[in-house]
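You will see two complexes here that share subunit A, one where it goes with subunit B and one where it goes with subunit C.
Entry: the complex of A and B
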């Protein structure tokens, strides 16, 4: 004889009520899973977009510039001897590639039209090895090899190109202030138009080869070195290895991970987590109220039986344990059914590839793909067990406070 | 058979309150039950039989007076101690059998041993013996809804006896049975009383039970009006 077996048999007494309770729990579990899948998809999509959009997993900067925002560093490409640093970084086994970066600001002109720009100068061949993607909308990507003097190429953001009326193949003039305060201008050919994914940024952003930017800014240094890892999940071991390789250098270098450079990601994560737990709270409340009522009804139908069990010497804790077991069985069975339902729904929704509208400020939408992880199923199941334990509190309190003679006389 | 008292009621009063109305159920009951007695408590409905049994069986507490079990005043026991006393020293037989519907006959009889932590092998042996002793060895795996009224009451009796209690309290054990089945149950109770030396207290209207009694206590309007030994 086992308490769990007795509890299970008690659930079978009123099958219709039990099935309804299981349906409520399963629906709640599936809703939580789908929400968790969407949130996880959003996080991983955003993480991927941030890293592959040019930020990389790490950025190596001069230690005295580590606290500055990248835009503050733009006019000061002070990291000299950067090829040696890059070689040391690329020798680490976790690193797929590393590339020097210069951030510049200036003015770009075509004919009588001009606009301010923010330039990101990179090593395109290394960016490709790091898996960074350029969302080209017209023309072609920057050449991998450093362009010869007079053959410089530039990619224009869509909004910026529209503002100055530039198309692929046009010649534009880029003008910046050099580190020593002089104005310098270089003519470049627009090899293509691209989007960063953000409308506001597309109004200002251009990309060019690092060698072109160094010619334009009259410098041989870089602002920083961006590092791409082979396995983004192994951030910490890679950090330890890179810190070991970078230690002892003069000037001192700092290693910044992508999270610290993308506060936007943290804000989005906080917002989505808040939404998830808010929805979870609502599901918790609905399942709790619904099942508390069902469990209370089941208890009221068995008042005389509870009186008998107490008369036979069952402790009040024993009576409570019986009702708690019944609630936990409901929670477990309902959650398992909900896990299966959630998984099936997620697969169906993923197969449908429903197109979601563009997020605020973004240029294009994205196909809905729910990402469910094993821990989501565990979390949803544990949450439902907790819901049912809370739901059982009132029935347990009522059952354990019954006077034996009143319970035995209950009709 | 020992004549030492096992249960004593001394000046016991109990009043129920129904809204503004007070209904006295027991009014100064004094009763001494010796170990091994077969006591029948008779009286009309509302005379206080069930109330007296509830108090003697620690299911309720008197408003005044005291109940003493084997020298221990029940009022001095905590609730958990009273539950343990019921689990080990008392057996209960109810008018409506009060079997747990989701448990088989075997499991219903096993229940008092299970909650007392008796090992499974010992439980199995004692349950089989108890059900055999009430003639239900062949119906062990049947659930209550597949048993007749007489069979259910025999299961209830086996449940009351399986843990070898000192006292069995049977409140109207034949009230829901036909006369033939009721007589069979009474014969069984009398036989078990003799065989086991267990103290039996039975509340009844049934004259057939009174025939078996060593002692008959007459209860009327909450007071003992006669106490006859044979």
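Entry: the complex of A and C
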């Protein structure tokens, strides 16, 4: 305690140098916090976009199709007794709603223009209950109720609509190959245009009601059932509960979580984590070098003082502990100042709602929001203490190796 | 006076011309039997001008499909799907264009002319006029358990032909095709039609075909030609926009 107080008083002796050191540490801490906030925002934004964009938390598929990519399953809506499965899933307390999905591919035509499409057929009322959002750009969303025959409606991706010259209200013809290899075509009214958020996907994607897709594909089955969990429901307990409810069914069913169905998320996470640790490494190095130099200078200025302390009987370990304490004080105070600075900057940046450019392949930009969690502050503070401990190593070594006679005669 | 001319100057040009004519005549004479063989064995050109036929297409995997084919001249073909759930669905071929007609779509949907209905395209099922649309590039003799064969290598005269190159194998004695192999520009075989059984009475026509897809071997099909009735066909059946004649056809059953 006494050592800590002496170390603090030593720092106060050279205020200008201490303030400069604190500024360096605070800036590094704030930079780390802002980066962590951006990375956290990107992860949670992407996770939310994936889950609410239509993937849901879980997908229930036939076990023999679980290893196939969803595009490979497109032509096989083979899940037959799906209403019973859906009811069993929706009875689970963690589940907000579940809905049947069919993925189809085919050709959509308007007049002389036509284009290939990838269709996602859903139960819109259940999607809304799951909190899925449709980014409408024109017209209106799909109706919740199953449309009557002849009143089928479809949402077209922006790029696809542009390619065939379709607007809301136009009648288009959708043609697919049914699971038994036959052609079928159905006229549908374009109720709106939407974006998936990804430019390339918008060139092909359409959405329609499950009942319309079943009519088009001449099937009563679905490709899979998408499950949305209630707010705050943890993934693993929900998985255990759903597996319990789905066990013993024939044919056997598999439960896929959203992470396994969105490898893109894992790739983005790895990339951003790599960037974060790289930046963290640079900050660590800069703060380390800068403070090591400052601490070394402080030590060189106090050679005679160190000699006196040694002559008065202070142990070499005590001298080392004094310098380490000074470094840790600097680290703690600088990190706390950096935490405050980082928090203030994050708030200012969030309030400014700076529009970020669209990520590669995306349709629109997004407002910059930094998400800081308590553990980020703790981690940044611990990191700065570690940085300062490392920075103090060289000055401590120099100070503890001084000979008393040389030190007392140092000019 | 050619003989007099020969006396005055060398008659080499005349001799060369005569030799060239002789070679050309021999070559033409050799090619002619192959062209004749192709003409005689070309079942599409032997088919009636207008007819109604019933086909049963049995894919290697999947449900068999019963089809009714209406044809008026070479340029107009209507394929009607006879399964109850496919009632009102048609494929309509007008010249080089192929359309799909569905009872739930007001307008016809244009398809690629090479569209494969399950395992087979219309051209594979109904044939193409090889003797008219293809030129013989080369011919060779071969033999199998059934006897002597003539293998004709054909090249499309028309760039819009469904296949650029075709190997047409004919049983020499019977003057019937044994199989047709379809080839890409690279020479790779993409598919084939084997003529498995023949109708022995009346007009020459196959009774059963086996269609193979070399690129997707699991997508082969057997086509049984169950009935061919030579008759006039109402032109309203081929009307792209007015379905009334087709509705009459549906109602008549």
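Everything that follows uses one rule, which is that the second predicted complex is superposed on the first by the 406 of 411 C-alpha atoms of A that agree within 3 Å, B and C clash if a C-alpha of one lies under 4 Å from a C-alpha of the other, contacts with A are read in each partner's own complex, and residues count from 1 in each chain.
The rule is short, and it goes like this: a contact is a pair of C-beta atoms (placed from the backbone, for glycine too) under 8 Å apart; a residue touches a chain by one contact, two chains touch by 3 or more.
Please read these numbers as outputs of a predicted model, since none were measured by experiment.
Asker: Once chain A of both complexes is superposed, is A:173 in touch with subunit B (first), subunit C (second), both, or neither?
Answerer: second
Asker: Applying the touch criterion given at the start, work out whether A:187 contacts subunit B, subunit C, both or neither, answering first, second, both or neither.
Answerer: Touch partner of A:187: subunit C, not subunit B.
Asker: Tell me the contact category for A:109 with respect to subunit B and subunit C: first, second, both or neither.
Answerer: second
Asker: In the superposed arrangement, which partner chain does A:143 touch: subunit B (first), subunit C (second), both, or neither?
Answerer: The answer is neither, since A:143 touches no partner chain.
Asker: Going by the contact rule set out at the top, does A:45 touch subunit B (first), subunit C (second), both, or neither?
Answerer: neither
Asker: Answer with first, second, both or neither: which of subunit B and subunit C does A:218 touch in the superposed model?
Answerer: After superposition on chain A, A:218 lies in contact with subunit C alone.
Asker: Take the contacts of subunit A with subunit B and those with subunit C, and give the residues found in both.
Answerer: Comparing the two interfaces on subunit A, one with subunit B and one with subunit C, no residues are shared.
Asker: Contact residues on subunit C for subunit A in the complex?
Answerer: Residues of subunit C touching subunit A: 59, 62-63, 65, 81, 83, 85-86, 89, 91, 100, 102, 104-107, 109-110, 117-118.
Asker: Residues of subunit A touching subunit B in their complex?
Answerer: Touch list, subunit A to subunit B: 1, 6, 9-10, 12-13, 304-305, 308-316, 318, 403-405, 408.
Asker: Provide the residue numbers of subunit A that touch subunit C in the complex, in ascending order.
Answerer: Residues in contact with subunit C: 107, 109, 114, 149-150, 171, 173, 175, 180-187, 215, 218.
Asker: In the complex of these two chains, what residues of subunit B are touching subunit A?
Answerer: Residues 54, 57, 59-60, 79-80, 83-88, 90, 92, 94, 98, 100-103, 107, 110-112, 114-116, 123, 159.
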